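Handing you this structure, nothing more for now.
Chain nomenclature is as follows: A, B, C and D, assigned in order of appearance, with residue numbering initiated at 1 for each chain independently.
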């Protein structure tokens, strides 16, 4: 059962998004804000009405948002929860654009393109899966958690943050019925330590899913690769176009990775790695492919 | 209401309308087709192609800044060999005309790559990216010096039959002599402007934000700089100008047309509004018909009393 | 927590803190006192004074643009005679130091006006506006040419005892030789950058929006251009740099300090947030103390490995 | 009675704002939006809570507003109505900033500086005053109308617009109990014609107040000067700083006008006129002083 899944991946690599995505509905539309609330200091949850995106969205997909402000490019944000006709965003107030978005009010409209990017793969029922989230890296895991539970995958989640007040989204995740372990760097909530500490302490799993800061993802991939555990991570970079045209968001993958099919086909001797566009070829990569 | 002719001419090439996708912002042309009708563009300029494959710069390569984007991609690309074999064939089916952008590090490289672009199906003109501010070159870049730009244009004109567009950088004290040098060397048109040199410092890591250090500023922040470049150069040359730099709306495009541009290119604005080309085209047609003109090219240079060029409709 | 010394030095002058009001944005210093405490500024640079009275340009003189302001005031002012009689006496009671900005159209005019500024109560330095892009001069402006900027600085240094600051324009191919010429001629500091040349076309009236045609672009739109100018020049000269161009926040100011500026000037941002100076000062102090520094001047050049200057605290 | 007033003006010119204003409260504060409504297509009314500004505001004064967006300078807008602790703005969607402001929602905050500029002078009780407003030039006249009525001045208003749908604010002005005549260029509401046509058709008045497009103001001033009628107009220019520092907003006044006391003191032979800063020395000028 696990083998079957493994071999499918071995065959396809992480699913090629270009072919798959063009089949999927990709919407460019104006969505009405239906709610906006602060879920933790500096963390916001904004819900938008968009049946097309809500229904098409898969785990780890994101939307490219646009709203008035001194901005020349769209702001990419992960899809947090979905209902039949709405989806929500969960974001931290990072800089100008997220600060501006945190000021929306119900009734306002923002422009969205989505769902963008590829998705986490879903293993067969009965598989044991472990979600590992750091900070705002929790975002892809509501939809993944829901999908895994519905698929009969035995799922638990390790959720970490720097401190208690930065544990945004945990309550909503818990409502899914997910088995969860919480940790914080300072011990102010859950265990004291990193998600990787907890992961190491606990027993085996068949499948790891990760999202969070680069250092955490790197540690997770090294752990998974050393243990020979399947692992997919959702990566982040600063985006320009969010559409695969500008080559602003690339990450290095090992040579020949299926997700680096685009540029560059540099001469063999020139490339220690291939570049992959996180916005379009990702954001989900196999731990085995990523070059740190 | 009279119908308005939207066609314009760049040298011997005719474009169905004057709105062009800018190089580096539309890759090879297909991606934005997922959310918009790319046929709205009169032409798509492909990301500049170099002789050799290039991995480009390290990350980060982009950073949003007020009213713009700072980028240093570093001409990542597969090189002309791979391009001709694997990518050029797809251009034939792109539902609008293609302008092939060529970048290089020597006069000869420009001529070689341009010659191999000449004659590709659907490619109607060749644009010379002599102004990319991102690539670390020894000494000044071609576009900072009238003599070197003349040399590049002459070398390319000698080996191609397609119209040649020289794309200039605003990062100079005076654009006019450089534009004139390109014209004298035989350029069929000019593209103005490429990105403006800039830098963001990452105050958390105490180093330049972009791995490359410096980058190119694009988007609405540079629009007044670009409009002035077009306005000044339009007084100095007679060849058509493709105006660009921060165009987001029909009114922005009109500023460039009125300043003296025959066509406009849209780069960064696609990243915010993929439908931008259709909107600009209809704004140009509306303005022309409001004024009782039979062609959009009649809008060119209207705000520039010393406009030196011709209003080149097809 | 150690207290942080905010004082910095510009030549022989000591400013109580490194945040300066930029010329042309604070008039003679009093107006903003109606809504904020102008003592927050380490110094206020007055609007440039010319030899003769000037009515300035016709209207319109300003136009908001994305992330910035385009202006062409045209150095409206009363001339040095009236200034000395009627305005200079008030400067003595301004609750912070004054930098006297001087603009001119010949080397001699600069020297004459600067000499008469020297010794005025509360005036601690003289800034030479050799870069104003708005005034219609025959041929290039001083700041576009290393030889002419050298001549102006030398002539002024010969007749004044106060520190002399040369204010440069970014509208050149390469700032470094120009900055070096100013340094060699004896400039005690450099101000970078003045406004960037630009234009808005009024699409309704089909003519440039500003009566003057061209204008100077300021505000956040030009910040990356200004940061790069400071970063590059800080590698070429040893004299202190006053960085400016689009600074609105403490983080923006830090970008300039890290790039190599000893002080920062705030122009357009006053028009949006009159309290900007106090906010920037406290951000600089916070950053210095977070890093365990005893002076804000220790922040200078931290992101610029080839920073050539000295970290000049008082 | 009228003479007394005239001589006061002859003595002082329009009141010098610099001295007067610095005595008055000038607030720089964050004000909460209490309401926002569309009063006509493209015309908006936004109310803000600010007791300081509401109480200090006089007729023709304005506020300099700031709110998130790709803007480097404040947006000046006239003060429309006031209550004890709120004031409202009435504005047209002109360009980017007014478009952005039209999207505010109650509860949002914007930064305001005000009240700025000088005020219309108020004559003695019994005087006959006529208000002449073109388009959005209606804005200063709610507060002026109210002040004149309270002062016992016999006031009527001539309000014009291009077409019926652009007659924003008329209803609220009518509620003051002001005698009003309406006209539109196309006759779609009130009389067909310009406010100047109506003014000419009607009989004498002691005092004229005007605000509107430049061509209308010029015709009004010429009419007033020819008839020898006292007339004050509130002028508009594109502002930079709104605080009197940038010299971006100047209008030419006849040489020696009291309101052009600032720059330039150009040599006599150089000046055909003096420049006055609309933002600080104005916005109210005497018809006799303005050079067209």
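Here is the rule we go by: a contact is a pair of C-beta atoms (placed from the backbone, for glycine too) under 8 Å apart; a residue touches a chain by one contact, two chains touch by 3 or more.
Bear in mind that the values here come from a model prediction, so they are computed numbers and not experimental data.
J.: Tell me which has more C-beta contacts between its two chains, A-B or A-C.
T.: A-B
J.: Please compute the C-alpha centroid of chain B, do the same for chain C, then give the distance between them in whole Å.
T.: 34
J.: Provide the C-alpha centroid distance between chain A and chain D, rounded to the nearest whole angstrom.
T.: 54
J.: For chain A and chain C, let me know how many angstrom lie between their CA-based centres, rounded off.
T.: Each chain's C-alpha centroid was found; their separation is 46 Å.
J.: If you look at chain A, which of its residues touch at least two other chains?
T.: Within chain A, the residues that touch at least two other chains are 70-71.
J.: Among the residues of chain B, which ones contact at least 2 other chains?
T.: 65-68, 220-221
J.: Testing understanding: with touching defined as stated, what is the shape of the graph linking the protein chains, line, ring, star, complete or other?
T.: Topology of the interface graph: complete, with all chain pairs in contact.
J.: For the complex, give me every residue of chain B touching chain C.
T.: Chain B reaches chain C through residues 65-68, 70, 140, 144, 171-174, 196-203, 206-208, 214-215, 217, 220-225, 227-228, 231, 246, 251, 254-255, 258-259, 287, 302-303.
J.: In the complex formed with chain D, which residues of chain C make contact?
T.: It is residues 24-27, 31-32, 34-36, 47, 52-56, 59-69, 71, 73, 76-79, 82, 86, 218-221, 268-275 of chain C that touch chain D.
J.: Quick check on the complex: what are the chain D residues that touch chain A?
T.: Chain D residues touching chain A: 68-71, 99-100, 103, 105, 107-108.
J.: In their complex, what parts of chain A are in touch with chain C?
T.: Residue list for chain A touching chain C: 70.
J.: If we count contacts the way the header does, which residues on chain C are in touch with chain A in the complex?
T.: These residues of chain C touch chain A: 66-67, 220.
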